[in-house]
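There are structures below to look over.
Two complexes come next, and they have one chain in common, subunit A, joined by subunit B in the first and subunit C in the second.
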Partner chain A sequence: MSIRELVWGGTINVTLTVDQKLFIPGVPAETGSLNFRIRRDSYIVECLPRLLNQLQRYMVGNLADILNHCWLECDSTVLPWFQPVGVQYDLVRYDAILQRDEFLKMASSVDAITVWRIKLNYGPTLPAGVIPLIRQPNQIESYWMHRWKQACFILNGTSKQMMSLSRNDSKKFWDSVRNGDSNDFEYVSAKIVPTKPRMIPLQLHDINDPSRIHQPRAECENSSGKKTSLLDAVATTLPQLLAEKGQLSSSTTLICQGIIIDADEQLERLYPPMKSFDGFLHVVVVTIL
Partner chain B sequence: MERYERALVDRDRAEQLHSELFPAVADGGLSLGPEIGSSRDEETTSLLPQMRQLLAQRDTTISQLKEERATHMSQQVHLNDVILGLTLERNVMEDKLKVLQREYKELVTRWLAKAQQEADSMNRDVEQHR
Partner chain C sequence: MSQRLIESESESGTDQSEVRDPSDGVKNKLEDYTRRLSQLGLDLDSDSNSNSNSSSFMVEEAQKQKTVDHQLTKQGTPGGKITIRFQPIGAISAVRPAACKISAEQHFSAVVLFLKRRVKVDTVFCYISNSFAPSPQQQVGDLWRQFKVNDELIVCYCATVAFG
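Our next item is the complex of A and B:
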């Protein structure tokens, strides 16, 4: 399998616990727990209606109202709905990625299971800093479209490629994300992503400050014609992570799509296979303080 | 790049352990509890909106009754206060009545005594004229 196929096909096992407040009194607590597998390259809120539909018969109130007043949490930290599942997972479970080799050794001898436990909370008011979802699912689709427009502008210097997509193609594009159809996705994204991009849509997520997303200006080549590496982009936004001689400090690791990547990898080479479904290259910066 | 391919395979090995226990959302193969679609289930599901409406109605009735009860309680407290006040007033009046009755009796005896005195003096005058 190619890297692209592996990136697209990555899934995570999730156990979602739904707030007990949402159930009719007397419904056993285990009913509110859902086990499912979700693609790393997707939005979790996008499939939330499909998930909650399964539980609707046990729930008080209607689904539309519930969806407007709920938010997801992992270990009491709110998960922003507008980030890809994979990025959210890497941000909270980076330790599992750093210790993957030991885990795999251990898993071959004993029965191990990897589950991401998250909680769906419900309340009349959302916690501070949570962007409300009021127009499900259109809000998610238009947000994602805007992301691609942004990415398209960064790549080409214009959003024309994105704006001139036919109605059919843009529908096909969103459906490919919803249904996990990689052929359609590659077909439409090939119309947007140029073979020789000028800049790379890159986002850096710092585990020590996850609410702040860094979006450095990442040109493929610098003025002297040298290919830009990931390290160069990190250096411009997070210079405190650099050790002497311009190298990344030993306590810092860069994670993309759930794997550790080299800091001196060229952005131009890294972007096409490792890009996320929203057109951006998401890199999680892990610094052990 | 080959290194990344191996790393991604390892990632999937680690993250997708026993993923067969977790149905995929995108497949639509997610189903929990009893199968949806059996006739009995459809019957129950069709009843659901009705039941929900009923539940909502009942909830409003309960809140209404609760409000009513609260009003009744406050009214009762008020009435108790009025009763207490009236009892006090009655006690005061009773005391007053007793005092007045005693005074009246005294007056009557005094008046009788006076009348007797007058009668006696009149009798005495009559006797002297004879």
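Our next item is the complex of A and C:
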């Protein structure tokens, strides 16, 4: 399998616990627990209506109202719906990635899997900073389209390639994300992503300040014609993470699509196989303080 | 709140009702530390501070401040402020003056809130480069660095969806 196929096919095992307030009194707590597998390259809220539909006969209130007033949490950390599932997982469960080798050794002797436990909370007011979902599912599709337009502008210097997609291709593009169809996704994204991009749509997520998403200006080549590396982008954005001789400090690790990546990797080479389904290259910066 | 975070650019320059940038407070702290250091008669190099816990703390703070200042001024956002130029689309009223200054660290949601209050509408659709709507959580400094035109971030706005 190619790296691209592995990235596209990456999944996470999830146990979702639904807020007990949403259930009819007397319904056992274990009823509100759902186990499922979700693609890293997707939005979790996109599949939420389907998941909650399974529990609707035990729930009070209608689904539309619930979706307008709910938010996801992991260990009391709010998970923003507009970030890809894989990025959210890497941000809160980076320890599982850093200790993967030990886990795999242990898993070879016992029957073990990694499960991400998250909670769906419900309340009249959303926590500060949470963007409400008011036009499900159009809001998610629209948000994703604008992400791609932005990525297209960064890659090409114009959003023309994205804006001139036919209606059929636009629909095929979104459907490919919803259905996990890699062929359709690659077919349409090839019309947007140039072979020689101008700049790379890059987002850096710092585990110590997850609300601050860094989006540096990441040119493929610097003024002297040298190919830009991921380290160059991190050095410009988060200079405090550099040790002597311009290298990353030993306490810092970079994670992309759930794997630890080399900081010296060229952005131009890293982007095509590792890009996310929203057109951006998401890198989680883990610094153990 | 956001109206106080964004300052209008008057014809003669910046508005006198300029709101203090969060970085100003940190700068004042740095000046205070520097003043106190000079009173102690200590230099800022690490060797001379290694014997004193309090002074080494101050040096650490000063170094942290240097990092913050670097963050604010990195990639050409002098003083941590950037200029936004508002361009109305369709029948929505224009913002006067059209150019405003805002802290580079602000989220784009602050710009949307400012526009809604200035134009007195409940909903406003904002676009960068006449094409895409940024996420409300994106920092205006990041947007300015990537999409600026003549050192200004052009924000087009409309009462209805203009670029779907």
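Just so we're on the same page, the second predicted complex is superposed on the first by the 289 of 289 C-alpha atoms of A that agree within 3 Å, B and C clash if a C-alpha of one lies under 4 Å from a C-alpha of the other, contacts with A are read in each partner's own complex, and residues count from 1 in each chain.
Here is the rule we use: contacts are C-beta pairs under 8 Å (C-beta built on N, C-alpha and C of every residue); 3 or more make two chains touch, one makes a residue touch a chain.
Everything numeric in this text was worked out from a predicted model, so none of it was measured.
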item: First (subunit B), second (subunit C), both or neither touched by A:Ala190; value: neither
item: Touch count on subunit A, higher of subunit B and subunit C; value: B
item: Partner chain in contact with A:Ile259 - subunit B first, subunit C second, else both or neither; value: first
item: Contacts of A:Ile12 with subunit B and subunit C, given as first, second, both or neither; value: first
item: First (subunit B), second (subunit C), both or neither touched by A:Pro273; value: first
item: Partner chain(s) touched by A:Arg57 [first = subunit B, second = subunit C, both, neither]; value: first
item: Partner chain in contact with A:Thr237 - subunit B first, subunit C second, else both or neither; value: second
item: Partner chain in contact with A:Ile288 - subunit B first, subunit C second, else both or neither; value: neither
item: Which superposed partner A:Tyr143 touches (first subunit B, second subunit C, both, neither); value: second
item: Shared subunit A surface residues [contacts with subunit B and with subunit C]; value: none
item: In the complex, subunit A residues that touch subunit C; value: 80, 82, 129, 131, 142-143, 145-147, 149-150, 153-154, 158-159, 162-163, 199, 211-217, 236-237, 239-240
item: Residue numbers on subunit A that touch subunit B, as the complex places them; value: 1-3, 6-7, 9-14, 31, 34-39, 42, 47, 50-51, 54-55, 57, 60, 96-97, 100-101, 103-104, 107, 112-114, 178-180, 257-261, 269, 273-274
item: Interface residues, subunit B side, partner subunit A - complex; value: 1, 4-5, 7-19, 21-26, 28, 30-33, 44-45, 48, 55
item: List of subunit C residues in touch with subunit A within their complex; value: 67, 70-71, 74-75, 128-129, 131-139, 142-143, 145-147, 163-164
